[in-house]
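Shared chain: chain A. Partners: chain B in the first complex, chain C in the second.
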Partner chain A sequence: MLDLAKSRWHPIAAAHDLPLRHVFHGQLLGREFAVWRADDGYVNIWENRCLHRGVRLSIGINDGRELKCQYHGWRYSNRTAGCTYIPAHPADAPARTITNRTFAAIERYGLVWSAEEPQGEVPEVAGLAEGRLLALRGIPVNAPADVVAARLKGYRFQPSGRIDGSAAKVAVEAASTFSVVLRSSEADATTLAVFFVQPVDSNRSVIRGVLDGQVEGAARLAVLRHHNELLSRLRLAVEAEAAREPAPAPLEPVIERVSPELAEMPEESKHGRKATIRVEVARKWLAADGIAGFELRPIKGLLPTFQPGAHIDVHLPNGLIRQYSITNGPGESDSYVIGVKLERDSKGGSTCLHETVREGDVLAISEPRNNFPLRRDSVKTIFIAGGIGITPLLAMAQALNNQNLVHELHYFAQNEAQLAFPEKTSTLGASLKPHLGLSPDQTGAKLREILSGYGPDKHVYLCGPGPMLEAARHIAAEMGWPETAVHFEYFKNTNVIDDSTSFEVALARSCMTLTVPAGKTILEVMRDAGIDMPSSCEQGACGTCLATVIEGEPDHQDVYLNDAERKSGTKIMTCVSRAKSARLVLDL
Partner chain B sequence: MITLYDYELSGNCYKLRLLMSMLGVDWKTVPVDFYPGREHKSDWFLRINPLGQLPVIDDDGLILRDAQAILVYLASKYDAAGTWYPRDNPALLGEVSQWLAFADGITATASAARLHDALFYDFDVEAARTGAHRLFRILDEHLWFGEQEGRDWICSASHPTIADIACFPYIMLSEEGGISRQDYPAIRRWCDRVKRIKGFTVMSGVFPAGPAKAA
Partner chain C sequence: MTKTRCTDQVILDLWHPLAALSEVAAGVVVDTVLLEERLSFAIDGEGNAAVWRDRADLAEGSPVDIAVISGKLPLKLAYGYIWTSLGNPPADLFPIPEFDEVDRRKLNAATFGVNVSAPRAIENFLDMGHFPYVHTDILGAEPHTEVKEYDVEISVDRDEILATRCRFFQPMASTASDGGADVDYIYRVPHPYCSVLYKSSPLDESRLDVIAVFLQPIDQEHVRAHMLLCVLDEDNEDKVIKRFQQTIFGQDKPILENQFPKRLPLDPRAETPIRADKSAIAYRRWLSQKGVTYGVIPAAT
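Moving on, here comes the complex of A and B:
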């Protein structure tokens, strides 16, 4: 009988079955897999089912970084299988939590191994040395795995060094339900052959054979053909034998319902500034003059899926919490790379990262959060970065570049030495347009040139120092860009916050009325009352603590909302903004 | 100007659309309502092809039937580089012809199963599927050893030939006849390569591949 143990490792493919930019269609014990190797070499084994409409992902497109479903174009990230893009919602970042089911993947002996709930290690085979072996062509057989394995015990073959002989003695060195180890010897030649039988389904198997020792050139082909011919003959016999038995019912894998928090847009999260992820500084380097690059790798497990434009909170050893954009391109999911500009006259966040934090240090970070989402339905996207403002736009430009969507990245800096992450920007080719050493007036003139020719469905994304953003927003408005097409992110809020007012805040859903006194923020008062509201920068720049206003007139003091959003009076940043009216009703 | 008597869901018509697209040849289409209209058995069509089969082309008065024959004609006439149907290479030409005949076998099995499942033809579908799997095993083995020898295509040339075009459509559409390609990983990889040929075009049921990794 078939051992259905979900904990047992089985080979599900040969390493050569996974060339770049291909999706292999695998199956183990009735469960189908979409198997693909990303350009960085990582092997992904996923449930063969798009979370959206259940279409097989094995017919999808492996673009080297992400897997795209053929049906409605949902894109899933290398490693995490987190959804990064839903074309039907081009203006929204999909919830980071929409994630397909993944399975363990290990490459060993020229084969790719998996299991539903693996325990222990992939079995070690005495006598098989990694790198010094030959993987045979996999032979699919329409017969149960145990029947195939039993038949393999009688397999007779020539050792690789005497392929033309006919007098080899073959001994069974070991055998189990799913594997057989044979040794063939003739004269001075001897070859160890290990056959793993992959249980594809109750009545389907694949024979995956591996020989010890390397054979080169024409001899290699002769050995491969020798076994292919003999195993094909064995297959005919086993299939004839199996056909005499009634075919067992196919296995029916349980496709687990994805938990609601993985399948749906998340509810407003209940936690405040929590740093739930521990990362190690795997690399710290000078990414440009005055800018340190940090590569943050998870201590264990995988990092959550990020969307271009997302930032993380970094909790620093000196107690400060700072926000940094993730610069990674799509599919670069083994670490987060951030860029930190040294600002000596600030409160010490950047100084701490530049001078105190070293490679090997552990940092606490938040999950990525995206309040600067990228539309991908634009006919042309213009990115305008000033200095360190390159970081979120770099992630966005790489995403559009990977999808061949039209974009330009205008990068303003003092000089060439200040252009950060050349190894990433160089992949963008001609879409990268550096503008170096311009005076404020020259910058204005260049912005006019860049922003001339607004047309429908064009979008511009701005990130850089405050004065440059102000100038760019003014120029965009003058040149006819509607506010809905102008997206921006400030580093910090330089407004002088007036917290002298006192007012009442009613929380409609929580049935609670609170008084906000002078000197305290809405956010602080809500937290004091036990309402756990998400926040990040807490200075009115990042957009995390946004709340919907049902009634009352907000007193906006942030730099996140655009003018139209401010005038609408329906949104408020609870960390800095207050009320002009005596009472505000919030949808919380 | 070439006129193609065409049915959108026919893999045999798709072969010609594929090759003409890859060769950059212009053509116009006369749609023939194969199903449910059975227009290929109508009087006017039987005058063009007494066999009552699609596809047919009319190239400035030259009327030709049979997908494989038309592939030979189109490649001979319109491929200036002479690679799709290599007339000056007898050994390769023999291989091409051998696999064109193999493509007829795929039509007789995989296409028949699809006609049974999708267009309700009264065929022995189990025999058709068994026959298709037998051919697919042979082709998968051939392509797997080709990969081991550094060969990407069905024939032993460094470029695709009309043999690849003749075999591709009904392999790619086999699942519509209940024939999975899961057991044929080398065929699946070859399908990706065909989809990456410049000028490749899709039909209903055939999806595009993404770009190969730039070297």
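Moving on, here comes the complex of A and C:
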């Protein structure tokens, strides 16, 4: 009877089955896998099924950073298997929880190993040194794995150094249900061969052989051919034997159901300012004059999937909470890289990061949130960055660059030394357009030039200092850009907040009426009443605490909503904005 | 009643297509499979036809006189196809009024075998989001990937699903201009295994081309897809019109055959719908409400 333990490691592919940008169709105990290596070397083993409509991901496209489903172009990130983009809804950031099932992956002995619920380590084989090995071609056999392994004990072959001989003595050094270790010797030549038998299904197996010692050139081909012929012969014999027995029923792996919230239309998850992730500062460096780069690696496990435009809250040792955009390109999922500009009038956020936080320090961060999502259905996308405003736009430009979508990244700075992350911007080629040392007037003229020639399906994304953003939005409007095509993110809200009013807030879905007194925000009053509301910057810039207004007139004091959204009166940022009417009814 | 392998009474009682009349040689026996049952049929070229369970004395290809066949199954000739049923079918098949308009070209674009369940194939037919990825540069093109809001209703009196106000960007939308434009679509699902789509006609702005897919379930995971065209086109040869649809279908086939599981899961938590999938969500609910079990994985109750 075949051992079906899900805890046991098995090889599911040879390392050489994963060439550049390939997706390999693997299978273990009846379960199919899409196996692919990202350009950074990471081996991904995923359930072979797009969560959307069940199409095999092994027919998907590996672009080196993400795997794209063939059916609807959904993109899944290296490492996390989290969905980063749904082309049918270009304006929306996918719910973070849309994540394919992933399986453990270990490379050892030239093979890729996995298990559904692995325990312990990949089996050690005495005498098999890592590195100097020759992995044989996998030989598929229509027979149960234990039957194949038993047969392999009688496998006879020549040592690699005496491939033309015929007098080799072969000894069984070890054997188990799924593996056989053989040593072949003739005269002074000896070769250790380990055969792992991968149980593909109840009645199908793959023999994965590994020989010790490297052989090169023509000799290597001769060795591979020698084993191909002998193993093919063994295959025919085993299959003939297995065919005499009734075939066992195929295994039926259980496909996990998606989470309940995914069964309905995705909704924003609700949480307050929580820092659930611990990261280590793996690297801190001068990313540009006055800008520190931080590479944040997880203490354990994987970081959550991010999308271009997303930011994290960083909880600082001095108690402050600050928001920073993730600058990573797609698939760069082993760490988050942020850029922090030292602000002269810092209240202690940037100073703390620049002066106190060092490599090796542990920080608490929030999950990434994306209130600045990037559409990828534009015929041309224009990014306009001022200074440290480069950070979200850098992530966006790298995403479009990876998909060969037309874009330009205009990067305004005082001088060349202030251009941050040259190692990232240099990958953008001619789409990067630096504009250095311009006066406000010259900047205005340049913006006018950049924003001329609006056409349908063009979009512009702005991030930079307040005055520059105001100018750019103004010019864009003048040049005929509709508000729906102009996307922006402010660093901070420099409006003077008037919190002197007092009014009532009715929460329609919670059936609750609250009074917001002068000096308190809607968000604070709701929190006090036990309503869990997500928030991040809490100054009206990031868009996290957005609520829908059903009735009443909002008094907008944020810098997140555009003019059309303000005028519509249907949205409000609960951290700073208030009511002009005596009462607001919110859809909460 | 003969016992059938399919035990889903809803499906047994439906009319199912077997073949395009234009492609059947007159006067000889033709074999086919419906719902795992081996059937034979014949037409005589004078508007008479018959369908019966496969019999040893009437081998495929042998001449046959329709008048003398006993044990005939229900028969309907409609929309250019021969239809039958293994249960008690309704008097009428769903209507396609445009089929009677005399100035339309009516063709069987193709009959394709596909290794997938009928409901998976229907969902694919209703889906616009895949146009830029599967029918690249024909029905869609990147970066124009958005599925705009549309309306879906389940019509109670007609017992069919209706998706309206559907629009999708199509490159070379008309022969008259080279630029792309939004093309309008209306989708109907009047039968669990059949769907009818209406699409802007490149020739006449006021009218719509009609394309229908009629799925013949071979078993739960295999179909023959019959595709009816009922279009406004006075210029192109049949083979040109057919080749276009065959290209489209040939692009869908490998995707459909790589869907897992092959039967359509009706449990809302089996897969991840998005707003663009509104019509598919309605279709899955409609199948659940009807109690369809054949070709689907019913939701656990």
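As a convention for this text, the second predicted complex is superposed on the first by the 578 of 588 C-alpha atoms of A that agree within 3 Å, B and C clash if a C-alpha of one lies under 4 Å from a C-alpha of the other, contacts with A are read in each partner's own complex, and residues count from 1 in each chain.
The rule is short, and it goes like this: a residue touches a chain if its C-beta (ideal position, glycine included) is under 8 Å from a C-beta of that chain, and two chains touch if they have at least 3 such contacts.
These figures come from a predicted structure and were not determined experimentally.
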item	value
First (chain B), second (chain C), both or neither touched by A:I59	both
Contacts of A:P19 with chain B and chain C, given as first, second, both or neither	first
Which of chain B and chain C A:I98 touches, first, second, both or neither	second
Touching partner for A:A193 - first (chain B), second (chain C), both, neither	neither
Partner chain in contact with A:Q70 - chain B first, chain C second, else both or neither	both
Residues of chain A touched, compared between chain B and chain C (which is higher)	C
Touching partner for A:L296 - first (chain B), second (chain C), both, neither	neither
Partner chain in contact with A:R376 - chain B first, chain C second, else both or neither	second
First, second, both or neither for A:L224, with chain B first and chain C second	first
Chain B and chain C contact sites that coincide on chain A, given as residue numbers	59, 70
Complex interface listing, chain C residues touching chain A	123, 129-130, 132-134, 142-147, 254-255, 258-261, 265, 267-276
Touch list for chain A against partner chain B, complex	13, 16-17, 19-22, 24-25, 27, 39, 59, 61-64, 68, 70, 137-138, 140, 204, 206, 220-221, 224-225, 228, 232
Partner chain C, residues of chain A touching it in the complex	32, 48-49, 51-56, 59, 70-73, 86-91, 98, 255, 257-260, 262-266, 376-379, 405, 457
Partner chain A, residues of chain B touching it in the complex	141, 144-145, 147-149, 181-183, 185, 188-189, 192, 207-213
